[in-house]
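Naming follows writing order (A, B and C), and every chain is counted from residue 1.
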Amino acid sequence: MNTATPVVELKQITKRFPGIVANDSISFKLFKGEIHALLGENGAGKSTLMNVVFGLYQPEEGVIEVNGKPVMIDGPNKAIELGIGMVHQHFKLVQPFTVTENIILGSEPNKGARINYKKATEDIRKLSEQYGLRVDPNAKIHDISVGMQQRVEILKTLYRGADILIFDEPTAVLTPQEISELMEIMQRLIKEGKSIILITHKLKEIMQIADTVTIIRRGKVIDTLKKTETSPQELAEKMVGRNVSFKVDKIPANPGEVVMEMKEVVSKNKDGMSVLNHLSLQVKAGEILGIAGVDGNGQSELIEALTGLRHVDGGEITLHGKPITNLTPRKITESGVAHIPEDRHKHGLVLDFSVSENMVLETYYKQPYNKNGFLQHDEIDKKAQRLVEGFDVRTPSIHTMARSLSGGNQQKAIIAREIDKNPDLLVAAQPTRGLDVGAIEFVQKQLIAQRDQGKAVLLISFELDEILNVSDRIVVIYEGQIVGEVLPEQTNDQELGLMMAGSTVKRGATHE
Amino acid sequence: MNKVLKLFTKDSITLPVIAIILGLLLGAIVMMVGGYNPIEAYSALIERVYGNSYDFGEAIREMTPLIMTGLAFAFAARAGLFNIGGEGQFMIGMTAASIVGIHLHGLPAFIHAPLAIIAGAVFGGLWAALAGFLKATRGVNEVISCIMLNWIGLYLSNLIINTFALQSGDTRSVDIQPSASIAISWLSEMMGNARVHWGTLIALLAAVFFYIFMWKTKQGFELRSVGFNQDASKYAGMNVNRNIVKAMFISGAFAGLGGAFTVLGVFGYQSVMASSPGTGFDGIAVALIGMNNPFGVVLGAILFGTLTYGSAGMSFSADVPPEIVRIVIGAIIFFIAAQGIVRWLLKPFYAKRKKEKVS
Amino acid sequence: MKKVYSLSLIMVLALSVFLAACGNKSDSTNNASNGTSGSGGSSDVKIGMVTDVGGVNDKSFNQSAWEALQQVQKDGGASVKYLQSKSDQDYIPNLNQFVKDNYSLTWGIGFNLADAIKTVGEQNPKANLAIIDSVVDLPNVKSITFAENEGSFLVGVIAGKMTKSNKIGFVGGEKSPLIQRFEAGFKAGIQAVNPNAQLMVNYAGAFDKPDVGKSAAATLYNDGVDIIFHAAGATGNGVFSEAQSRVNSGQQVWVIGVDKDQSLIYGDKVTLTSMIKRVDTAVEKVSKEVIDGTFKGGVETLGLKDDGVGVADTSSKNVPADVLKLVDEYKEKIIKGEVKVPDTVQ
């Protein structure tokens, strides 16, 4: 595998941003035909490094060599010219366009003044077959699944002749089945002579597919290891810089009375389709109920209905037996529901507010933060200071804009605020999305601590591991309905995966 | 006070200042090409505005409504709304103040004048709230409804004046009652009959009110939150729609006040307008120069008013056509809007400073 | 780095020079004709003029007045200067600028300045002021008005005789008593010679909106009108441009100009005739009074008999001699008082 010259070599790359060294003299070698994983926590500098390779940033120091020759990559076009392609975490696709149109965008094959669609479609079909991508070139982007969209992104790079593919957190948006399909595709790419850089913070994926791992922490390379010579435990420790426990420590649950109950809840979208279709569930005091499901099966709508952000067209939601159906978000909050929202940038925080202001986003109108209509900044700051210290939110100051905090610290700030409300029911939607191992551990511990204090916790996550590790009871949501209930210790991710895909086949069923 | 200063962060102060300098430079170049002496022209401009008490008073008269319409735009902008309807709200404010000022009889001045001012504010506010209401309930883009309401405001104002208050044989309303006037006659006499009025003081108080309301009160917290992120505000239990209407009302009230001052303090009557006065649109420029900060708006209005009022001095003493001043103002706004260019021009300075720090 | 910086500065300079070269052309030529520096003439007497919002290039009464003042300066009587008003708030400070600079006479052009002239006149009883088109009753203010109805009557006669469609249009600026005087005289003139002709009236609502004038003219022409008389200042420029585009595409339509002989600007192809208001004569006359020291406040109405209004001399190019003869007959009758021209619209 190790041929003489690496296809890409980074030598002593340093990239600084105001006040921070994002990459501190990083060296890195990618050989032909290998999958080289770049492992690191959020903010460790992985994405910066790859943006340097892709020409989006210019390094202050260091040299990039492609096939042994030093190159100057001053933009994505140059990178593409050198055969480097990038599959972004957030897809850059035009929704109403077809697959073909999206792929040829920017490098349209011309026939006179017109675009030669026929040739393009044929080329794409061939590429798709060669790598086993099974993409229909004529489908519209908004009609195909997230997994398919990702393959379109892959095709886009291949169409432009990429030999070196960079995958930025490719599995973050995929279901378990889609993930295993992606793994197959990556292996196929390697077989066809491509080389891959895989950016990730998921150890499981690395152990499954990578050949080599480079671990980055705080902008520096910690180590480069062969997969065969390491273990998840070692990787995790190198990544975080301390001991991590994978097992979530928790004592058995001691469920009490029912805190929240949804009965036959129906909610329709603009087109009159039921996105919640007679959905029923219960959460008890002192338990964590996990909701497993593929994205887009009604999880978001369930939370919106529960927290008053979506109109409920039928059925009933009760909290301690009292109906809270279609109350305003404020009334629901005041009756004892706290909510860690799915999208912390959209719902959780006002990014242009200070940390301090965000800490009272839901309580600013109450004593002692508000007196006679005037905000009591001293009280607000006092609270913010207490929460920032109590929940280890790392911020230069409580008056710093929430925008300039890292994802993990933003999430900690939200969790601090929500837990501080001392709710009866804590709704946590994807509380660990995009967080690194250390932060995930912290968040999960907080959820369990709430349960141990006798609170009801509703956990929604697309990470099966999280559902399995944290929940005391699991229900599976499919097309707006609860299609099954299992206990975490009696199931595995294969079975859950099938249920999530709508199969009602129970125990004993095998994949395929 | 410290916090007030903090509002002017370093960037938000240097940017407008550099933009102003660049704008003046560009104006100077244009003048030189046109064969005028820019130094003479600019000193004529300053001379005209600050040279004697009469012109100084008149320049303040010019600045006052600009403060109000500037605050109007800035306030809405802080709440995430693009209120370009200041023009219409200004005219409706004028009309409301005129009607109250003309048709209420026998009130003492200390009741009549405030009443007329309040009428201007309330109706200006309602006019804007209409656009807010349409946005909140029907999702109508406030830019579009504001443009429409500007025209409706112009013709409605003319219709009202024509129908209820026309001075026969003329194209203007009858004079307001003396009790509704907010002119400061003793000061006016001292300043050579310059049309100074209490509205200027109210405008400055309005800027202070803006600051306190936006950054110190619960309501202001909601407005800013909605302005930055509607989804998060909804999630946090705020009534986004009500806040949109509220923000538009207050914004429109500022503009309406500006209109009321013009009638009650400057003219003492209202003309049937051939076209809208443009003060509302100038307010957008003022707010941009002032970076949507209430005190910045006051400074922006001073600058804008100085340039506009002084332009007559430029053409009087230095024979420079007033269009040049429009070029200067346009250039300033351009440089503020095109922050990138200014930053780019500043880059070498920053780089140098950094190097000095290192060594 | 430094190089980049200076390079960018040069680029900005170059760009602005270019822009200036493009944008400043009209200003500089205009200013050259100002001659404000006062090449000739005794500098003792200074005469100022404040335009209304139409500006000095309105091709109408502001421009007439300014040309007359320039003539006064050329004749060596005085040095002259003007200030343009951007809004009605500017009138008083602009007038004051001249008054405080001890100008011998300050003109306010247009009835829009009446209130401002009144205020400034009261506050400065020693200053001499004059106004066109309105009456300000102060001892130090000269008010010049015109019998526009009489002049309009004459062009009405021409229109009534010349129309082929028997549909005649009128485009006014603001609907004010002054402009309605034009309409009244015009209508009476048409009816005197052609009772079958129909007059269609459209008020644009503004004197500074050529685009509105253009669309108003388009509406009238589309309705079959073949002659439009405009009394709309710069708004009327739009009437001309609409007529020009129609004439260029082969349709025969006419415009009757106002205030000045507008055929000199828009050509004989579209300008049937013009109702001339001798603002220039009046301005020259009163300005000379100041120079001679005989200036006195009061009202002066200039009609046909004073040659204050009339039909443009160039009318003979498009109007047949017999029609012009008829015009002359009516002119005589009006001067003698045999024909009474109404000054309000019935």
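Simple rule for what comes next: a contact is a pair of C-beta atoms (placed from the backbone, for glycine too) under 8 Å apart; a residue touches a chain by one contact, two chains touch by 3 or more.
The UniProt protein names, listed by chain, are A = Simple sugar transport system ATP-binding protein; B = Simple sugar transport system permease protein; C = Basic membrane protein A.
Every value quoted in this text rests on a predicted model; they were computed, and no experiment measured them.
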Fill in the blank from the handout: Of B-C and A-B, the pair with more C-beta contacts is B-C
Completion exercise
Top of the farthest list for chain A, CA-centroid basis, is C
Completion exercise
The distance between the C-alpha centres of chain A and chain C, rounded to whole Å, is 72
Practice task
Determine the centre-to-centre distance between chain B and chain C, using the mean Cα coordinates as centres, and give it in whole Å.
Solution key: 33
Exercise for the section: Could you give the separation in Å between the centres of chain A and chain B, each centre being the mean of its C-alpha atoms? Expected result: 46
Exercise for the section: Quick one: which residues in chain C touch 2 or more of the other chains? Expected result: none
Handout entry: chain A contact footprint on chain B (complex, rising order)
Key = 216-222, 224-225, 228-229, 231-239
Practice task
Enumerate the contact residues on chain C facing chain B in the complex.
Solution key: 1-2, 4-5, 8, 12-13, 16-17, 19-21, 23-24, 27-28, 30-31, 34, 36-37, 53, 81, 83-84, 86-90, 92-94, 96-97, 100-101, 112, 115, 119, 123, 173-174, 176-177, 205-209
Practice task
State the interface residues of chain A toward chain B in the complex, per the touch definition above.
Solution key: 307, 309, 328-331, 333, 339, 341, 346-353, 357, 361-362, 364-365, 370, 373-375, 377
Fill in the blank from the handout: The answer for chain B against chain C in the complex is residues 22, 26, 29-30, 33-35, 48, 52, 54-55, 58, 61-62, 169-172, 192-193, 195, 262, 266-267, 269, 271-272, 274-275, 277-278, 308-309, 312-313, 315-316, 319, 321-324, 327, 344-345, 348, 351-352
